[in-house]
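One chain, chain A, appears in both complexes that follow, with chain B as partner in the first and chain C in the second.
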Partner chain A sequence: MKRLVNIVKNEILKIFYKKRMHVITAILFIVIILFAYGEHYTLSKAQERAAVQFEIENEEEWKNILELQLADLERRLDSAYIPDRGKASIRVRVEQIKFYIDYDVNPISSSVARFMGRLIEQSIFLFLPLLIILLAADMVSGEMTFGTIKLILTRPVKRWRIIMGKLLALSMLEMVVISMIALLSYLIASMVFSYSGFNEPVVTGFRVLENQLDTSAVRTIPQWQYLLMVYAIAYFVAFVIGSLSLMVSVMVQSTSASIGIMMSTLIGGSFLSLFISEWKITRYFFTTNLNLTAYLTGDFQIVEGLSMSFSILVLLGWSIGAIIIAFIFFTQKDILS
Partner chain B sequence: MEIILSVKNVSKTIRGKQIINDISFNVKEGQIYGFLGPNGAGKTMTIRMIVGLMYPTSGSIEIGGYDIRKSFVKAISQVGCIIENPEFYEYFSGFDNLELLRKMEPHDLKLGINEIVEWVGLSKRIHDKVSTYSLGMKQRLGIAQALMKKPKLLILDEPTNGLDPAGIIEFRNLVQMLSKERGMTIFISSHQLSEIQMICDEVAIVLHGKMIQNSKVQALSQGHKIIWHVDDVPKARKILREKFDIESFKDSQDSLYANIDDDYIERINRELLFSDIAVKFVYKKQKSLEDLFMELTGGETIG
Partner chain C sequence: MIKKIIWYTVGIIFVLGLGFFAYGFKNAISIGNAINKEPNNIATTEEEKIDAFEADSVLVIGDSLARGTGDLTGKGFAGYVVEGLEKEKGADIPYYNIAIEGLKTQMLLSQVKEPKMAEGIRQAGIILISIGGNDLRAMTKTQSEEKLSSFNEAMRIFLDQLDQILRVIRLENEKAMIVFLGLYNLDYSATNAINSEYLLEWNHATQKLIESYEFTVFTPTYDLFKLNLEDYISQDGLHPNTKGHAAIGERILINLN
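Then we have the complex of A and B:
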């Protein structure tokens, strides 16, 4: 046990000394700054447009418009012509508008919390996986390329422990990457957006019933709770991609090959989601299931049989399969390098 | 003497191609054992199987009585090795490399890293990154890494590759010292015959993945050869063959040699003179492993 801990420590040290984390942090820093600028710019444009549309001249008038909207929605809630199923979504809308009024928040503006959520939602299916590939792809293949695999495999440690150590180290570093995203986006967003908004209500609870988006179960949760959920989901996605990268890393001889294979699979595989409604087999591919946060926001293509739990199961299957293959391959492999 | 390394009928087939064919030998405790063969004969692959980096297709390997596959940890605990080039994590210092490897050992090693580093003479540079090391320094670090756990059996794969003559002499002294003072068993592969001949007690010769000879170095190089420097080598060889039934070999442009007893020499010399062949020198030379290798392999080039 103590030795497994040591092996995990060694693996983490290797990644840090390779400056891999530095590279990832630098990439994150640049991307988040750009994203924050883009978000800020788009929103100020939207505010201008809305101001023209509603003929608003000063900030105070926002509240009046919201109050009008609120009154309208409340009337509709009382109406006998609106089916019960539709009322749930009106109710959450009412709740949100009340929040904006009570806390004096312009709904067309971003908050730190909203930005942090948006960032993960936008990066979970491509950007985050790319970072994880960068982290994991050379964990084994790099040691093959540089011949250091011979050093560690001639120690009195069984091979499965070594690959286990690598997997555990990777899982921890994925956690670090996710935390870095959270931390950096928090810091940068705090400088750009004045409103923190961690208590703002977020709508969630969308479901698909009979091929339709069902909003009868929607409800609001505070932003911070929503953020915890999306970051946990992001960690899960990172873990899945990490295990797949580790598997590829075990199977090929060079780092460039393993990064290349993973990147092309990820990007090529994401095209498959175009066919997801007709071509059933594509929904069992991991890339078509990465966008898990979309299930929370109701922002997804409605396809029979696809749901959050389905996607999680598919990803779990890929991840377990990859880990098993990585272990078998690594313990049986002839080291030729 | 106890057998510390036993290789039994080991074969290895990769993608349908047999690379190692039924190799067997035993290394006894305290020996310096040479594993000799030209490049590509299968030396490194055999060593990789001994240290568990590759798995034999058939046959078994035991180190100190433990099977390398079935009891890997117990078997490998007794081995220190350098396989091919000494490769390290270039982004770590030499010290961190050793520390990283030490942490993979089951119990804290009694020999401190500092002591071993001093012993191999790397103290000054040990905290520099390995990427700044010369080949010689990496080799020292390789030795430190292999000796760190005080192994019973030290396995060195082509250890003198890339060393300058001074380095080779230093290495030879090191091996002899480890053997004599620490009683270490040492297994060395090489394609350089002179190297093996100088330091090894026993030698196994491999060619094209097969063992062709396995015996004591002294026994192998016993006997001697007689060399003639003459003006007409083909004619001299013809005389030896026809008149004495002796097979001779061309040594150089103007010399030939034969493995014969001293008794013949006078008669042969007389015969050569009668045949109008000018004999410049005749001398006796101890047979080297190189000659033996030539005889065994039919002139296969080495190195």
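Then we have the complex of A and C:
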């Protein structure tokens, strides 16, 4: 046990000495700043448009419009001609509007919490996996490239311990990356958006029933709870991508090959699942299932048989498979100079 | 020293993160499966109410205007009419508002044809209808070259459907007073002259159709809003506000007396 901990510690320090985390932090910093600026810009434009449309001259008038909408929705709830399925979504809308009125929040404006959620929702299927590939792709192949693998393997440590150590170190660093995204987006968003909004209600609870989006179970949860969910999902995705990258890293000799293979698989896979969604086998691709947060927000494309639990199982299958292959390959491998 | 800091920071972040995320992940998986806790019986009580229509009731059908959209009190012009009638009669009058926001004439036609509507129509003493605004607006929004022909086509379809609606109502109920609300303009300025002309023609043709039936009254709103647009239109720029609804209600009351 002590030996394994030492290996993990050693692997983590190696990553830090290679300045890998610095690069990732720098990329994150730039991307988040750009994203925050873009979000701010889009929203201020939307506000201006809305102000023109509703002929609003001062802030106070927002409330009148919201109250009008509220009265309207509440009347709709009383109507016998709206099916129960529709009523659930009206009810959550009512809840949201009441919150905006009670807390004096302009609905067309972003908050720190909303930004943090949007960032991870947008990056979970491409940007986050790319960062993880950057982190994981050279864990083993890097040792081959520089020849340090021989130094490691001549030590009296079992091979499975080494690869286990690498896997654990990777899992820990993935957590660091996710926390970094959360921290950086929180700090940057706090400077751009004035309202923190961690208690604001978020709509979630969408399901697919008989191939249709079922909104009868929608409800609101506070934003902080939602954030916890999406960041947890992001960590899961990072873990899956990490295990796949580790497997590729074990199998090829050079880091660039390993990064290249993972990136092309990721991008090619998303293309495939986008264009040939009719073909049923694409739902078993890991790329098709990466966008897990969409199941929470309800803006997913409805594909028969695809659901949150299905996607999680598929991803889990891929990652377990990848880990097993990586272990077998690494322990059986012949190291040639 | 630095080694230790790095190692402990990463370790602490990992352990804490794992704890938080385990909780988050569990929630995320269960969120879609939970059952909506809100009671759903509001709907059934309303349905029951409609099943038990009472004699000489006031029935309101049509679009959002009939529903009362824009009126902050939620009553709508129909509500004011009923209040007025009740005050006069000194007793409660059963009142059913089954108007739906965004309804077009085609949908109203299928609504009145529904079997459960028959009883409601039969029991009604007064039927208030507001329909056609959504049809006309959908047409005037388009910027087509052949606007005139598309307008004529839209109006022909509207009149045909309205005629069918009135016939369905008359089939069930020969004596109920039908009050049909004319359309008002949202822009009386000269720049909107073409659309205004269409609207006037639409109202005129509608009025002629309404007048061809017995016990009907066409209540115009065009004149009511012309000089009071700022005062009467709510903030959505489309529906009357509380004052506007009250004014329409008052006018219908005068007509009914």
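Just a few scattered comments:
In this section, the second predicted complex is superposed on the first by the 333 of 337 C-alpha atoms of A that agree within 3 Å, B and C clash if a C-alpha of one lies under 4 Å from a C-alpha of the other, contacts with A are read in each partner's own complex, and residues count from 1 in each chain.
Everything below uses one rule, namely that a residue touches a chain if its C-beta (ideal position, glycine included) is under 8 Å from a C-beta of that chain, and two chains touch if they have at least 3 such contacts.
The structure presented is a predicted model; accordingly, all values stated were derived computationally and were not measured.
Applying the stated contact rule after C-alpha superposition, one finds that A:13 touches each of chain B and chain C. Of the two partner chains placed by superposition, only chain C is touched by A:171; chain B is not.
By the touch criterion defined above, A:137 reaches neither chain B nor chain C.
By the touch criterion defined above, A:151 lies against chain B but remains apart from chain C after alignment on the C-alpha atoms of chain A. Of the two partner chains placed by superposition, only chain B is touched by A:335; chain C is not. Within the superposed three-chain model, A:3 lies in touch with chain B and out of touch with chain C [touch as defined at top]. The partner that reaches more residues of chain A, of the two candidates chain B and chain C, is C. Chain A residues in contact with chain B (one complex) as well as with chain C (other complex) are 9, 13. Those residues of chain B whose C-beta lies close enough to touch chain A in the complex are 14, 48, 51-55, 72-74, 76-77, 79, 81, 83-85, 87-92, 96, 100-101, 103-106, 145. Interface of chain C with chain A (complex): residues 3, 6-7, 10-11, 13-14, 17-18, 20-25, 27-29, 31-38, 40, 42-43, 46-47, 49-50, 67-72, 74, 98, 100-101, 111, 234-237. Those residues of chain A that touch chain B in the complex are listed here as 3, 6-7, 9-10, 13-14, 17-19, 146-148, 150-158, 332, 334-336.
Interface residues of chain A, counted against chain C in their complex, comprise 9, 12-13, 16, 53-55, 61, 64-65, 67-68, 71-72, 74-82, 84, 87-88, 91, 171-173, 175-176, 178-179, 204-207, 216-219, 221, 225, 228-233, 235-236, 292, 295-296, 307-309, 312.
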